[in-house]
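Presented below are the structures under discussion, each in the form of structure tokens.
Next come two complexes, and both contain subunit A; in the first it sits with subunit B, in the second with subunit C.
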Partner chain A sequence: MPNTKRYLITGGVGFAVGTFFLWNYPNLGLGSALLGGLVIAALCLLYSAPLADMIKAGLIAGMFGAVMTIVYGTHKPGVAIIAGMVSGLGAGLLAFQRSPQANPKKAAILGAEAGAIAGAWTGLSLFVMAFVIAPAAGIDAGDFAEHLSETVILADVLGLGSDILILLFAFAFSTLSGAILGAASCAARSLPLRPNIPLLAVIALPVLLIPLIDRAGNLLLLDALIPIYIFILLALGLNIVVGYAGLLDLGYAAFFAIGAYTTAMLSSPHLGINLSFWLVIWVAAAVAAIAGLTLGAPTLPLRGDYLAIVTLGFGEIVPILFRSLGGGPPGGTLTLRFFGMPIGIEQVDLTGGNKGINPISPPHLPLIGDFDPSNKIPWYYLLILIMGLAIFFINRLRDSRQGRAWMAMREDELAADAMGINVVRTKLLAFSMGAMFSGFGGAFYGAFIGAIFPSSFDFSVSIILLCMVILGGLGNMTGVIVGGLLIQGADKMFIPKGAELFRRIAETKARAEGSSTVGVSALQDLTQQRLLLFGIVLVVMMLVRPEGLLPNERRKAELHPDDDTINSNSVAAEAEADPSLAA
Partner chain B sequence: MLQLQNVHTYYGNIHALKGISLEINQGEIVTLIGSNGAGKSTTLRTISGITPPRTGQVLFEGKSLNSVPAHKIVSQGISQSPEGRRIFANLTVRENLEMGAFTRNDKAEIASDMDRVFDLFPRLKERVAQRGGTLSGGEQQMLAIGRALMSRPRLLLLDEPSMGLAPVLVDLIFEIIQNINSQGTTILVVEQNALMALGIAHRAYVLQTGAIVKAGDAATLREDEDVQKAYLGME
Partner chain C sequence: MAASQTPSSPQAAPLVPREPFLTKRRAFSIVGLIIFLGFFAIPIYQTILLEMWDSPRQLTQQIVIGLTKGTYIAVIALGYTLVYGILELINFAHGDLFMIGAFLALIFISLFGLDPKTSSGITIFFSLIGILGLVMVCTALMNAGIERFAYRPLRNAPRLAPLISAIGMSFVLQNVGIFLGDGLIWDKLAAGLGSDAIGRVADAMGTQSVAPKNIPDLLPNGQVFFIPDSLKYTYKDLLVAVVSLGLLAGLYSFVRFTKLGKAIRATAQDRDAARLMGINADRTISVTFLIGGALGGAAGMIVGLYNGTALFSMGFTAGLLSFTAAVLGGIGNILGSALGGLLIGLILALSDQYIGTRWSNAVIFAILVLILLFRPTGLLGQEGGQKA
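Let's turn to the complex of A and B:
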């Protein structure tokens, strides 16, 4: 048994964790306390050869389940199930990627194994949530269990503690979904499909299911997810400009603002023009694209730093412009005329100044009616549709002649010119294509929020977007999406939720000690430090992995020239051809 | 095939070419020799549209190129291997060559042209998946020439193909240039290595501070006393 040592270590750690629970929470009973540890140990014993890979896959996915559980586990029934399912899906996918087997049965087993590890993690974190964090934050563990009413009933029937059952749920769902996914991805492989389609389906499935899970679990995830997705859409557009064409744009938020303001002005009672969202979104994209051309034209001779400064200026000008195009006292005298005909604007208040434009009309569909701000599900699917189209389109664009022209221009503008590439056109197209996608994003944002303010389009927005692109991997769409999910997810979901937990823990502690809770919350407020955290992450990333999390192959090669072993071969070959070089 | 008629080119206020007239006939190798700053590269840049002439005419097959933008010159049938090679360092050898055929759309023809380039430069074939920047200097020069050939030019402009190369490789490169010419491509080569250039060229022009001071048969110029003294290092 070559892996005995590993089993023993893993099992020992698991057992220690279990004992820790027993020690801290003697009222839980021996059985449940040991279970966490025993499960991990038992799982390890079940595995055969690809153990390390399975553990890795399960751990990676399980981490997600664990974070989900700890952050969102408070009082939310069904969290175990969802977290288990999601981590199982992830684990199955990872397992299959690591050891692709031709046989669906084998793949299912692999997926199940990985899912089981992920499930154990999730279950463990549920334990931590219920019996360590929840009590510390002043949430009664019993209270927590009671919310899982179905679980409690089932627990009575089975004669088990509800805590054990939570773990079992996470475990079972995780294992099951891991197995299904493993088998499915294997089965899909034998179908006559392009190889990326099964992978796409596997990614699309959870994305499409999120609203249903969200509703079932009452998690209110969509409130955070939709703004995250909007930012990802923007980052994808920025990636065209910065990643593909190599033009550093520090004022990208300006196009976002232009898209949003176009929508606000054309689709709200503010100016009396109330066009349908379905028309306005195209207008917004077109206006943003034209704005992209307008920015691109004067910057044509500029490169690198100089270009960055000009775009920075553009990014500052646009919100100021929108701020000053309105907000004056009502009843101004200027009337806009079109060929002598007044067009219904009796005052100059185009943009509402600092107050912004409020309200903006939501989209309308025959069966659904007006999109309701309180029901996020139609919004979510609409955004998914826009993003799906954007991703498809950008992907095709990258592989087209235009994409190659961008690549050549990024590498060497003069050489690109010598290849017969129209550099002027290529550059302008990059700006306007990039801007177009933020026009779509801006239109959706305006309609979704229902009101816009000039302060929503600050410099910091451009910078965050740029960080998303760079952190994820410049020039690689998957990387940009992952980077966006991480940065925006941390920013909008995990840090605020975590901060709330910290605050509650601190308050509970202070209350227990009989001291005042005033000031504790401010001290413990993690959201205050989010930019600091963010900065640290970026600095570390740039030192350790400058090419981003999921780099574009070419950029990776560029940043790690030492890895190019072929290089030395080439020099050696040269030396061979010319003996004088060898000396 | 190509005629320059009294061409004056400026960089801002700097008068770089002061009335150059030259002619290149179909099937020839013509070389421009001269010292640093004589205007050799500027002449090429003028032909390829990067720095268009202020006065005078550039005629290619009878049509004026004066107002044709640089990126359209390639599809007219002129391509150049620019000074300093300027290959795409992060693209593979194959991608570099494909980029050379950017103006073309005929996939099969492009593939056969790529094979032709690999016949000329077998070394490139060995390195087909390697990034351009990791090639040695000689290989990069081969790639730059190969890339220029991918647009199927009738006139090939080579700027300092021997620059920075070991003598053995210079011989090899010039041999290949002759080879390309024998397959029917007209070549204008700008060189500091006048001895080598005069060795392969049919005709030559000698440039000095923006003007042509001597012209004629390469073999004759090679024997010319002034040329020998100034450019060939002979007393």
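Let's turn to the complex of A and C:
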């Protein structure tokens, strides 16, 4: 029974989660048990192999809809509809990817089925949220109905209960969008285009439409999405170093910091230099690339983990430098001695020390004027533009001579050297190219946040980026993007929102018991369990899919044939046998 | 090439010609290094050296402090080096295990009701020895458990998978530290069980789970020797150094002279060959993690008592320093880690005094880069071919 281990792992985790909720939030009672059970059932189903593709696709996409609805729904019930739509789109796409149909009608039916499953999930979770979680969190049922009717005017017109209506809407939209996507994927296949272009169009559409939906529903999604995209941009850069060139870099945040600080110094009143953002972003990328060379040069002779520790050191040194090169008393002098002669060095406040640099000038465009921090839409599209260019560029780079040299070096440095690849140049280019993209990311980040602090570039940033790259699938850009969306989405959207929800539940409970609401223990405060959840996710993901979610096909093929046959552990072999990527 | 070979001894000619010292690659490295260290220009070195020269007593004091710190850094570094030696895995969770050690020590001390004011010296002495044993057993079991569930299933997975798993475990352990440090949880437990001892733990932890905890000052503070004005050396320092060195010596002789130690070394060298020789590799790896965990926990308790505080994030900084120490000495090499630990301790103390605390990490990593540039596998590391 090769699957037993997976069942045990998922079942164990599900059981632990369920018990935890029951113990901490008994007033969630039935709802939490139901939810836990659903999650366990879904996970088990996901891992049992011979399951119809549409069910699998629907389940995967439906999980997203459910989480989205439960976490965001208490504040904005209308989000369930959007979640249903998005998960329906995802389900349709996945279902088609898993079993491509030649007939558009069949494809549409398959997509609709998958979308319906996803929609059922979303609808069900809306139901759980409306009748179990919202009352438990002390959100008044009357309030809730008002919220709903604000979002859906049709509720009054049709005279239906608004919860039921939204549930139906979510379900219907999900089914519909699943069907549309299934048919569209099929139709796109028959077009005389390169096969990935229609796919890209399908993915690009929601990405481009998000700001409009966000504004219409007043969901404030962009506040969370922009930092997520920035991190994905950084992860794409890191993927060049770790995924393509195989150089383990534990200090990547340093380049991010360098990009951001370059922007901050050159386009803020802090040093009196106030250049345009459109110029500074290139300067920041160039400076970061040079920093990549500077890191690369002394580490050339190092291999494997020795390299890792030096990059880690670099990642530690750079924030220390930024922290220390400033923030002192203005006009102070530092006295050093040169062969006995005292020399005074006037201290210049370059970086603002711990206080960082604030404010940083925003970009300026003729029609829009200065980008406004409160209106996120231009920022969003600018970032999409940068990311699109980065993805295009990295994609071309990967297939170029240089990219193939990186991969050759990753597989065997000695052999690559023997084949005439200039290893020195290849390594240095990998470092500086990778750094360049984080320079862009840093420049955008600095301008977007409008202020930078040395504490936002510490080791944890490097680690999270590395996790995004490895979790998604080393060397595969789609994988890195998916991994980034998952990790950053959990970190910046779902866990904070969920924490807020759970805090309200704990407070409601405390109020009902008549005890004080001040001291909520760490067990009940989800913000304090962020690390725990994140850690568990990392470990379980690695146990279930050690190669990452979407492993690079070539790399997967390279990794597996020569596996040790002595060890009978079959996890890796199973992953290889999994036909999920055969499409 | 052929012309330079001596015709008299064709066998002596090496298959691969020895690299000249100044290869292109190394030249690049040196140029890079000069840029890298550009921030620490000559006047700074001069200033520091002159400052050291001005006050030899201060220098001696810092060296004493540095060596004391170095001994416990070395003990933590051993945990990294053992695991790396056998699995080639940077066990990120090790630093956090060290933190758990400090928390467990505080919990046991509160459970036993030890108090420097009321308990007698002998009670404290024997209880501390007992607590040290308990802490070591707990962390050893934890570490072996982590290996069993988070690393063993990934033996044959791509190289970076166990690394991410280790990072994940590190986060989990940090959160365990937050839970252990939450007085409200202990309060609930004390109320449920009606136990005073657990109530004492709750008091020791306080209400803020992420705040630093105070560990009672149980180690003797008397002076071993004392030179007026600056140099002092307390029994506390001595004790820390003696216990740490004892652990180091114990571990070294264990790995060197016992049968299990031999198995560990064999497994580290070649796991499959060791397995063919009848060594149970899985068990050997478990034993390695048991030992590593025990050392980490012991170090946590020692440091906790020495510094008097425990904080859930203390494992990260300590882990970083000691992993650097292990790399500096040549990772996988026990004596190397000991040496690396002492060196890092020294550098840390000296740079704290002469350059400034905020620069210390930067200085440590700069020196690490410098050393790795000339010895790419650390001070005592073997030139290990293509490994990793």
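Going forward, the second predicted complex is superposed on the first by the 469 of 583 C-alpha atoms of A that agree within 3 Å, B and C clash if a C-alpha of one lies under 4 Å from a C-alpha of the other, contacts with A are read in each partner's own complex, and residues count from 1 in each chain.
Basically, a contact is a pair of C-beta atoms (placed from the backbone, for glycine too) under 8 Å apart; a residue touches a chain by one contact, two chains touch by 3 or more.
Everything numeric here is computed off the predicted structure, so don't read it as measured data.
Of the two partner chains placed by superposition, subunit B and subunit C are both touched by A:L414. In the superposed pair of complexes, A:R404 makes contact with subunit B only, with no contact to subunit C. By the touch criterion stated above, A:A288 is placed in contact with neither subunit B nor subunit C. For subunit A, the partner touching the most residues, choosing from subunit B and subunit C, is C. When both complexes are overlaid on chain A, the residue A:P546 reaches subunit C alone and has no touch with subunit B. Of the two partner chains, neither subunit B nor subunit C is touched by A:A253. In the superposed model, A:G535 lies in contact with subunit C only, and not with subunit B. Of the two partner chains placed by the overlay, only subunit C lies in contact with A:L321; subunit B stays clear of it.
In the superposition on chain A, subunit A positions 414, 423, 564, 566-567, 571 are in contact with subunit B in one complex as well as with subunit C in the other.
On subunit B, the positions that touch subunit A within their shared complex are 48, 50, 69-75, 79-80, 82, 86-91, 98-100, 102-103, 123, 127, 130-131, 133-139, 147-148, 151, 166-169.
On subunit A, the positions that touch subunit B within their shared complex are 401, 404-405, 407-408, 411-412, 414-423, 554-555, 557-558, 561, 564, 566-567, 570-571, 573-574, 577-578, 580-581.
Chain contact summary for the complex, subunit A toward subunit C: residues 5, 242, 248, 293-306, 308-310, 312-314, 316-317, 320-321, 323-324, 336-340, 343, 414, 423-424, 428, 459, 463, 466-467, 470-471, 474, 519-523, 528-529, 531-532, 534-539, 541-543, 546-547, 559, 563-564, 566-567, 569, 571-572.
For subunit C in complex with subunit A, the residues that touch the partner chain are 24-26, 28-33, 35-36, 39, 42-44, 46-47, 50, 84, 88, 90, 150, 153-158, 160-165, 167-176, 178-179, 181-182, 184-185, 188, 207, 209-210, 272, 275, 316, 320, 323-324, 327, 331, 356, 358-359, 361-362, 364-366, 368-369, 372-373, 376-378, 386-388.
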